[in-house]
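Consider the two complexes below, in which chain A is the common component and chain B and chain C are the respective partners.
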Partner chain A sequence: MNPMRLRGLINKESRQIIRDPSSIGIAFFLPVLLLLIFGYGVSLDARNVPLALVVEKNSPQAMSLVSGFSRSDYFLPIPMRTIQEAEQAMMRRQVDGIIWLRHDFAREMLTGGKAPIGVIVNGVDANKARLIEGYVTGVWFNWLQRMKKAMGQELKIPVTVEHRVWFNAAVSSRDYLVPGLIAIIMTLIGAMLTSMVVAREWERGTMEALMVTPVSMKEVIASKIVPYFVLGMGGMLLSVLMAVFLFQVPLRGSMLPLILSSSLFMLTAINMGLFISVAAKSQFVAGQIAIVITFLPAFILSGFVFDIRTMPVVIQWLTHLVAARYFVDILQTLFLAGDIWPLFLINSAWLCLMALVFLVIIRKKSRKLLE
Partner chain B sequence: MNEKKTGTAEDIVLSVSGLSKHFRVGKRTITALADVSFQVKRGIVTGLIGPDGAGKTTLMRLACGLLLPDSGSVTVLGLDATRQPLAVQQSIGYMPQRFGLYEDLTVQENLDLYADLHNVPMKERPDRYDRLLHMTGLAPFTGRLAGRLSGGMKQKLGIACALVSPPPLLILDEPTVGVDPVSRRELWDIVYSQVKERGMSVLLATAYLDEAERCREVVLLHEGRFLGQDTPQAFSSRLVNRTFTIHPRGSGNRRQLLRQLRDHRETVDAIILGDALRLVTRTSMTPEEAAGIFAIDPAQWQLEASRPRFEDSFIDKLEREKEKEGGGGSGLRAIKAGAVQAKGDGPAILVRDLRRDFGDFCAVKNLSFTVQRGEIFGLLGANGAGKTTTFRMLCGLLPATSGTLQVAGHNLRVARAPARARIGYMAQKFSLYSDLTVRQNLVFFSSAYGLSGKRQKERIRWALESFELTELQNNESGELPLGYKQRLALAAALMHEPEILFLDEPTSGIDPLARREFWGHINALAAAGVTVMVTTHFMEEASYCDNLVIMARGQVLAAGSPSELTARFSTPDNPEPSMEDTFIHLIETFEQQEAATGKTTGGRP
Partner chain C sequence: MLRKILALMKKEFRTILKNKKSRMVLIIPPIAQILVFGYSASFDLNNVPYAVYNEDPGLASRQLLARFSGVPEFAKVATITRDSGIAPLINEKKVMLVLHIGPDFTRNLNRGRTAKLQVILDGRNSNSALISLNYVRDIVKSFNMQWAARHGMQPVPAQLVVRSWFNETLNSHWFIIPGIVALLALVVTLEVTALSVAKEREAGTFDQLLVTPMTPLEILIGKSLPGFIIGFVEATFIIAMTILWFHVPFRGSFLVLYTGIFAFLLSAIGIGLMISAISVTQQQGLMGAFLFLVPAVILSGFATPIENMPQFVQYITYLNPMRYFLIIVRASFLEGASFSLLWNLYWPMVIIGIVTLSAAGILFRNRMY
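Moving on to the complex of A and B:
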């Protein structure tokens, strides 16, 4: 590599980044936007679930159960007179569940201790339905306990489950989503941005002029990696700062593994972008390919939202080809658990391997030819 | 041609032998170059001349080591371009068709980049930059982004970048496409200054045949084949006693005469040039013999010998090639257009004080002209002169900011739809559906113009027959050669028998034969009473028009018939100025005036 040529190319690339609002946009605006959307808009927790409470006949027992639901943070009870009314509200998606206390609720309870309560949950969103079911059962047990105590009896429930959640004690999905999201954002910056800037050179005919200079492809590749690495790490820093200070996600790990793994992943993502640009000579195609082969797999198969261990085995194998998977793992661990070196090293080794494989393919495939 | 073998290796900078290159496009294989051999001599400008698709760009890319040949070899400055591409790239300067500039870098930054890439030592740079910037006139604009330069200035910056490390061989791929004539002339000055000062060798590709005469030697390419190499003078001299000009004496109809000449088998080429006609014959003859052979009425016309031009010899060569292949010279037959009944009286197009603003930018101002029915009217101007804006307003695609605009008797500002029904429009890129067949395109366009049933069938049959598209009717239009695409586009614009036909740069990129044929159709249409309005950047095509206006920066610089316009600039030195001389003169005068009145500060942006 010739230092003068390399410096010239890197200068050129940096100037283009500074003058092109779209690169700055992808590197800094996009992370902010995505983090805000996912941080505030998307939540996998159920809170303030609208719930129809059908009390056919008022009684002290019914009232105390209703107050149990009202006190809960998870529910927003809406009193209704008839089950028909409640069902209609469910159809209109005004409520996500129905609690149905029949007119004989109090009588049955006092006489036979068998008080039937109807629970109907909207199962369209299975995840949410399960959550609601669990919360309803929780409220129900609490109420039972209170009732039995009030009536001077011991509660006869065979097993009481005591939950204890590790690493994310509040079971806040945000703490879990935000670190994964950073990996997705890095994939976008690295792969989409680089593949598109190379395609732009093809589109505008500058690549042809560049090739008829003594420049070598090694220099061209290096001149793309260096500036976009710096830009991507800038985006990374911004994302981490937002995660820690805006979303209050705990960062339990230390800086060194964070910096090391981010650098490694940034390099992998940029190499993926350059790999795409070997095939795609127009910005439109490059953007599309980048989304389909990097962004979407990173979103779906990285374990960012959907747990890899619950996937079919074949898909689990497939996830090994998704670089984001390793970085998501590293980031989630670093943020929520701390420095766990064995995990960090295995994942980093995978990232290293991927970065190298892509680099070798790029070197092999990018020749100074127009065909 | 026989002298080319005698050059020693020292005198040859580029040597091509047995070069072939094919490309695969889908299922088809396109032959870009077929067994081409020639040599380029040191220290002169060699022109690589041929229409689009001749293989010029492929050849240059092969010479730069950007493509690998299927067979044959390219040797550049003694180096094999296929085996030692890096060494070749180190020693040549190359400017691709789109100049290869970074539009988001400034003029200075582009120069710096190419200097870095060519390893130009720092201490040599100030001096080098100085000279290049001075030569190209870019010195006042070093801080301007390349994307904000005019086409001509971009092209000059492109050249400057290619010259930053003075190469012994400069390769320029169509450097003058889309650039106004003034900038074209300046570019040639730059090229020649390099040849003179540094003894640089230059290989320059162009589709403009008039530029061939500026080269010391030309290499002719057509459809990937080598047609010959010689000095332009030698090419032209083969046509001595075969080129004639026919001036009007009485009131003879020159379109009729053109038809008569074209139908004659002794004719190689016949075109209208202003008031006169130009004729190229198959064999040499005296003017008296020619007048006899072509049965020219001496009361109406005066036939005299004229100087052969390079273009004549190119047409001649192409015609002969065609004959060798057995394809008859049918290209010159013109369509039979049904006479158009003039609906209403008055001029076809009337424009008064037309103005169009885009924000605070005035694209067209104080535009006034009149086009008579059955006239071919030209709109001439460099890129950005306001031609396209004017055209769009005339077609009712863009409302005027102010002024009067009448097309076919309808005021376009109040009655756009009835006016549109009477006009046909052929856009620059032909606007055909490339994945539909020829017939499907015709069906589509005729229905779009509201034709149906028997009349639609009749018009489609007419189009297929008169444009000789019957055999190709089931081919996808995207796969047609450029000349046929153009025929189809013209046919599509004529489906509803419009009174007025608008043609936006109809002939850019097609070969001179197809261009001739196209003008044959246009002349036939005009003879049948269709009014034709055309924009062009080919200066010689302007002479095919009856009347024209020359525009610059949204204003009319001059209007009149081609002969009136050129006569205005006749000087003792240059008694018969060409259209291009006239154009350049007008533009330069205009710019001096603008500069004097302080409207602009330094050069065109």
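Moving on to the complex of A and C:
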């Protein structure tokens, strides 16, 4: 590589970036905007779930259970007179669940029978339904304890579950979703920045013009990577700052692994974009490929929302082809758990490997040949 | 007029299908993605890797632990004997949770005192942590009922009787896979439309199109139909896969569903063409496509519920056609809903479609650069 020629090419590329505002927009404006919307918008924690409460006959026991639901942050109870009315509301998606106390509830309770508390949840969103069930169980358990205490007794439960959630004591889903979002957004930025740049030169014929110069293909590729890498890292820095200061996600790891892994990932993402560009040779096809292979796999197969550990084994292997997977893992750990070197090294090694493989393919596919 | 539109449509189809790579991009990814995503996108947990840290020599703790090794939700991967063993297992993600039983577990139980099962969870994925904690609680609950019955303990005076509608076993695949219909239909239509005008602008052929006798309306229809047909065919394919391959129950009517697909494709194509008409270069078209696609998917309720979003983000989602269509697809599949329950979800998509298509038509003529 000749440093002077390389500098010339990088200069040209940088000017092109500065003169077309869309690249700078992609690198700086886009991550801020997306992280802002998603950081606030993406959450799996159900709060204020609308819940129909059907109490067929008032009693002190029923009232105390109802007050338990009203006091809970998780629920927004809506009193209803009949179960039919509640079922109608559920069909219309106005409530996500129904609590149903029949008219003989208090009597059965006092006569020592097992009085049933009817709970109906809308199971369409199974994950949410399961969380709602968990919250209802919590309210029910607290209520039982209160009732027993009022009677001067103690609730006898053979085994109780005491849990401690490490790294995320408040069990806030935002804390793990925001680091994941950074990885997704950066995958897109890398692809958007670079998937068009080589294809554009082919289409406009400037690639052929480059070929008659003494510039080597290595230098061309390097000149495409360097400026976009700098841009991308700028966007990355903004995203991390937003995660820490705006969304208050704790950053428990140290700076060195954060910077190292960010650079590695940015390099992989840019190489992937260049690979698309080199493989497609037309902007139209490159754009299509970028839309299809970057966002959805990064969204679904990276472990960002869907836990990789629970996927079928074959799919778990497939996720190794998704660069975002490694970065999601690194970021979630760095933010929430701290420096855990074995995890960091394995994931970084995979990222290195991916970046190298892309680079080799790009080199192979971009010989100085005309078709 | 019809002949002119047909001619343009034919040409559009050729541009999309002529190039081998472009053809592949349209056909292979949707097939591969419905298969891969269909199996992978789930919130249910199986084989949750866990470790046991049992300090209790008694029988009861072993009975409780036996219940964990007998279910498909859990898979034991390690046994530890010291406090210090917990951290490495959880830190390095070898296990998702550790079950810790203290030394006096059986003694407490036999004396009628409450015994404790301590669960230490990896909170890096807090949703998985909560779900697996719920599984643990279910197992402990059934252990408790059996223990109470055997030892003549008084049962709790009121029991929860839980039933879930539409998805009795709470299988989250049933929620996610119909959603993939919306996801892939949106991606495909954007792929076909978002770059189509920008490409011609860059090549200069769009100016030529404008000086032909075709009206903007005819150009608009000719540009929309290919996306519409391709989106329709792929959506049908994915719906067939959802029903026949993944066995998600289809309880509603195809008329309700396909009316939804029609309205959804209309709005998606409108947005795609509008993006394309605004863009001067294909790079801008691509940026526009992502700028719409990514928020449209993430803020659609596909994976994370819209009700959990803050109010101002919820207002933004009203502009998102996918939000409406997702409810229609899921309601058609699982709830068997009829038009009367869904009518207010159709017209927002139609309005978005009409507004964006008109904007695209106006921009065709007026955006010169």
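Observations on the structure shown:
The definition used in the following text is that the second predicted complex is superposed on the first by the 370 of 371 C-alpha atoms of A that agree within 3 Å, B and C clash if a C-alpha of one lies under 4 Å from a C-alpha of the other, contacts with A are read in each partner's own complex, and residues count from 1 in each chain.
Everything that follows uses one rule, which is that a contact is a pair of C-beta atoms (placed from the backbone, for glycine too) under 8 Å apart; a residue touches a chain by one contact, two chains touch by 3 or more.
Keep in mind the model is a prediction, meaning the values are calculated, not measured.
Which of chain B and chain C touches more residues of chain A is settled by the count: it is C. Contact with chain C, but none with chain B, is seen for A:Trp140 once the two complexes are overlaid on the shared chain. Within the superposed three-chain model, A:Gly8 lies in touch with chain B and out of touch with chain C [touch as defined at top].
In the superposition on chain A, A:Asp20 makes contact with both chain B and chain C. Once the two complexes are laid over each other on the shared chain, residue contacts for A:Leu210 go to chain B alone; chain C is not touched. On chain A, the surface patch touched by chain B in one complex and by chain C in the other comprises residues 20. Chain contact summary for the complex, chain A toward chain B: residues 2, 4-5, 7-9, 11-12, 15-16, 19-20, 204-206, 208-216, 368-371. Across the interface of their complex, chain C is touched by residues 20, 22-23, 25-26, 30, 34, 37-38, 40-49, 61, 90-93, 96, 105, 109, 112, 114-131, 133-134, 136-137, 140, 144, 147, 155-169, 171-173, 175-177, 184, 188, 192, 195-196, 200, 203, 279-280, 282-285, 287-293, 295-297, 299-301, 303, 305-307, 309-312, 314-315, 318-319, 329, 332-333, 336-337, 340, 342-343 of chain A.
On the side of chain C, the complex with chain A involves touching residues 19, 21-22, 25-26, 29, 33, 36-37, 39-49, 64, 90-93, 96, 109, 112, 114-131, 133-134, 136-137, 140, 143-144, 147-148, 151, 153-168, 170-172, 174-175, 183, 187, 190-191, 194-195, 199, 202, 281-287, 289-291, 293-295, 297-299, 303-305, 307-310, 312-313, 316, 327, 330-331, 334-335, 337, 341. For chain B in complex with chain A, the touching residues are 23, 61, 64-68, 85-86, 89-90, 92, 94-105, 109, 112-119, 145, 161.
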